[in-house]
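Below are two complexes that have chain A in common, paired first with chain B and then with chain C.
Presenting the complex of A and B:
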């Protein structure tokens, strides 16, 4: 199976490293190698039908700031020229327009290629259209890492809990906000906690998407569409961020044995992101940068999952799980070969 | 659930405490007690107590305890389930504003009990926090209250934090 990676930042490089580390496992599982035949960053690309060495790509990117030796102006031209089976789309997220990722995913699906992405923007803005396009062209669009990073939630709901009626999902879907609120539990003012989160690399220089709840809202949209079969968009989410949470509000919650956490909530009719009062000891009262979600089902009852919501290797692990699902399906159902 | 009970206890010292203590021991919460010394039947005086208790199982245990203490249960009524929720409101407001808001809410939702606590204004900041605990008789009432408070807070620029 031949992979093209769009976006060679932290996650793209992490995935290349994970693929290299799982080379033996994959070749034993499928009897053939899974290879990277192309990689693209914001300006350059590399392509070789015989396969590129994942670790060499990472080294080149680190040393030169470029993944390839050739420059491009339109990524669609590159994606149209290279022959691949699966597009791994991990370019930077743009939740206003969908950014380059939306074009890349659309281009691949139009050509009948399977796509794996962790890019929230295209999914939050055009989920239904993209899924319809994938269905029309007989290919798969998988996106486990787009919600909760390494925390397995989408595939858990759509595959592991497929026989259940899921009535609600509530969770902590933004590690940055959870880190800030956890620090406020210990008496740190909001501004100081945010600054510390930025210094540790948990928050961006411009933290708006995190602290205003936009990032969590994207994930809520993805869950609503994928798990509940709804047809909603980012603008449908009722969003409240954490910027107006004061020290004394946190202290007052603590005096009642509660904490404040930014919770995303999805049901058949509800679509919300906002600060919530959580009793201490409740599964959603966790501290730090972890993501967690509580899935309420009719047969199994409440199912709680937790995991690292971001990170180079963690997000790559979610991409790997999607890749294996695609490879398994190719071998199992339609007899497609792995095209090696 | 909220329960109202009419009990008859012997007219002896310590009988009032003896009838109320089991409620607390079963994690119940006493809402109101009327010790009616005027109503005496067979040398027993009447106690009317309203209390909150977790469920039927706890209520049955309480009834057993009362019987074992020779307390006569003459009436057990007004039993209903309550649903509780806590809300936090953060913004530039005074106590009257929040009390008016809850007053307005009680016009559209049947509120069984409300408890409002405020933080004091800190330093130069005009921001204040109010913690509102309510009890209603149905989940639908809680949902209606949630929609009402959410809408009112958005209109007033108050941050609204709901419990789960």
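Presenting the complex of A and C:
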């Protein structure tokens, strides 16, 4: 099985490292190697049908700023020239246009290739179109890491809980906001908590996407489309960020044994991101940078998951889980269980 | 696909009802019906190769106390006479001998039949033996509901997180104890909280299995064997219950912003159940009857799940998820994805 990695920033490099660390596990599981045959960053690419060493790719990127020795002008040329089985699309997210990722995913699916992505832009903007294209061409399009990083939610909802009627999902989908709100629980003012989040690398220099709730809104859109079968876009989300939450509001919540959390909520008809009061001890009352989601089902009742919403290795681990699911499907031809 | 249900108490009836409620979903997913062809309680059985109506079985059991019109002396005779594809084994748990369930599961696996069970006894006592037997005969043995009811943990660890190195699992595996401890957080004395749990049906008249930690210990054993590949038994668990937790201890924890929870813990070398101090806001600090588990992995970091640990429909929902996984494997012969 041959992989092409589009985007070689933090997540792309993290995935190459994870793949190297799981080489033996994957060879034993499938009786054959899973190799990287190509990688591309914003300007350069490398391609070798015999396989590229993952760690050498990471070193070259670190040392030269380029993943490959060749430059390209149109990514479609590269993706047509190199032959691969699975495209791992982890180029930078652009939630306004879909960015390069949208073109890369489309190009791969048109050629009948399976795709794994964590790129929220294309999924938040063109989910239905991309899934239809995948279906038409008999491809798998998987995106576990696009919502909540290493928090297992997409595949849990669409596979493990597929027999359930899911009536709502409510969750904390932005670790930066949760970090800030947790610090405010302890008496820190908003500005100071934000500054600390920036110093620790949780928040970007321009924190708008996080604190205004835009990042959480993307995830809510992906859940609405994938789990609820809706056909919604970013602009359909009613969004309130956390910038107007005062110290007084947090203190008043505490006096009622509650905390304030930025909650994304999806149902058949609702699509919202905004601050909510959560009782202490409730699964959605967690502190720190974790993401969490409570899935309400008709048979199982409430099922809650939490995990790290971001991070190099954490996001790569979500890609690995999708890769294993694809390989289980594609490489398991004898009808025997791999899980025994 | 033909199902035989062994044990027709709360969970068996709940599963029959769930199957009836998902008739259309399952027929559409697989292009064929999944039917119950037999059911057995402690003395009687019913069997019809053409299929039995799930809700009629439940009605008959409720009205007459018997699931079937015929009595049997040896369950093996019944399980040999009726032809089925999947055995759903939900007879009463016996953590000392394995009870009837151990014989039923063994009998099915010997005949090459897939098995779904939530019966902790056979799994806590003979896990390795049963899995080896399943493997030898090319069968699937699944048991999602045996640990934490509707909390998705077994299949998450052995499938979704199969690419991870799991280093530890710590969790709340007994909802009764968690209910009592949550009430103690609010100032109720232990005896009163226990009495209330009994009145609400959370705790049995003889609450020993719950409050002494024995029930949680069974689940810890199942996790150790299935997720960590260990070969341990109930007697290997170091168990402390919650009976000696005083109001003073709970108050002192609260003064340090902590709660006391009964935590089961498994690593490569550890196997324990006992009260632990958990910081408020931590995923394991949840209140009420929920079960929860934090899985520590090398790539994804901590992944936490929670859900209802018991209940008629909740436990049946875990059986349904195992049934779908088996049907996906057995009935998907065209190589095409069912999840697109």
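The rule we apply is simple: the second predicted complex is superposed on the first by the 331 of 340 C-alpha atoms of A that agree within 3 Å, B and C clash if a C-alpha of one lies under 4 Å from a C-alpha of the other, contacts with A are read in each partner's own complex, and residues count from 1 in each chain.
The definition used in the following text is that contacts are C-beta pairs under 8 Å (C-beta built on N, C-alpha and C of every residue); 3 or more make two chains touch, one makes a residue touch a chain.
Because the structure is a prediction, the values reported are computed rather than measured.
Touch criterion met: A:282 reaches chain B and chain C at once. The partner of chain A that touches more of its residues, comparing chain B with chain C, is C.
By the touch criterion defined above, A:162 lies against chain C but remains apart from chain B after alignment on the C-alpha atoms of chain A. After overlaying the two complexes on the shared chain, residue contacts for A:297 are found with chain C alone; chain B is out of touch.
Looking at the shared chain after the overlay, A:176 reaches neither chain B nor chain C. In the superposition on chain A, no contact is made by A:106 with either chain B or chain C. After overlaying the two complexes on the shared chain, residue contacts for A:307 are found with chain C alone; chain B is out of touch. Contacts of A:252 after superposition: chain B is touched, whereas chain C is not reached. With the contact threshold set out at the top, residues 282 of chain A are in contact with chain B in one structure and with chain C in the other. Interface residues of chain C, counted against chain A in their complex, comprise 18, 21-22, 25, 131, 134-135, 138, 140, 150-152, 155-156, 158-164, 182, 185, 259, 280-283, 285-288, 290, 292, 297, 299-308, 311, 313-314, 316-318, 320-321, 323-324, 329, 333, 335-337, 339-340.
Put simply, chain B touches chain A in their complex at residues 86-88, 90-91, 117, 119, 122, 125, 127, 129, 131, 150, 159-164. Those residues of chain A that touch chain B in the complex are listed here as 170, 238, 240, 244-249, 251-253, 256, 258, 260, 263, 274-279, 282, 284.
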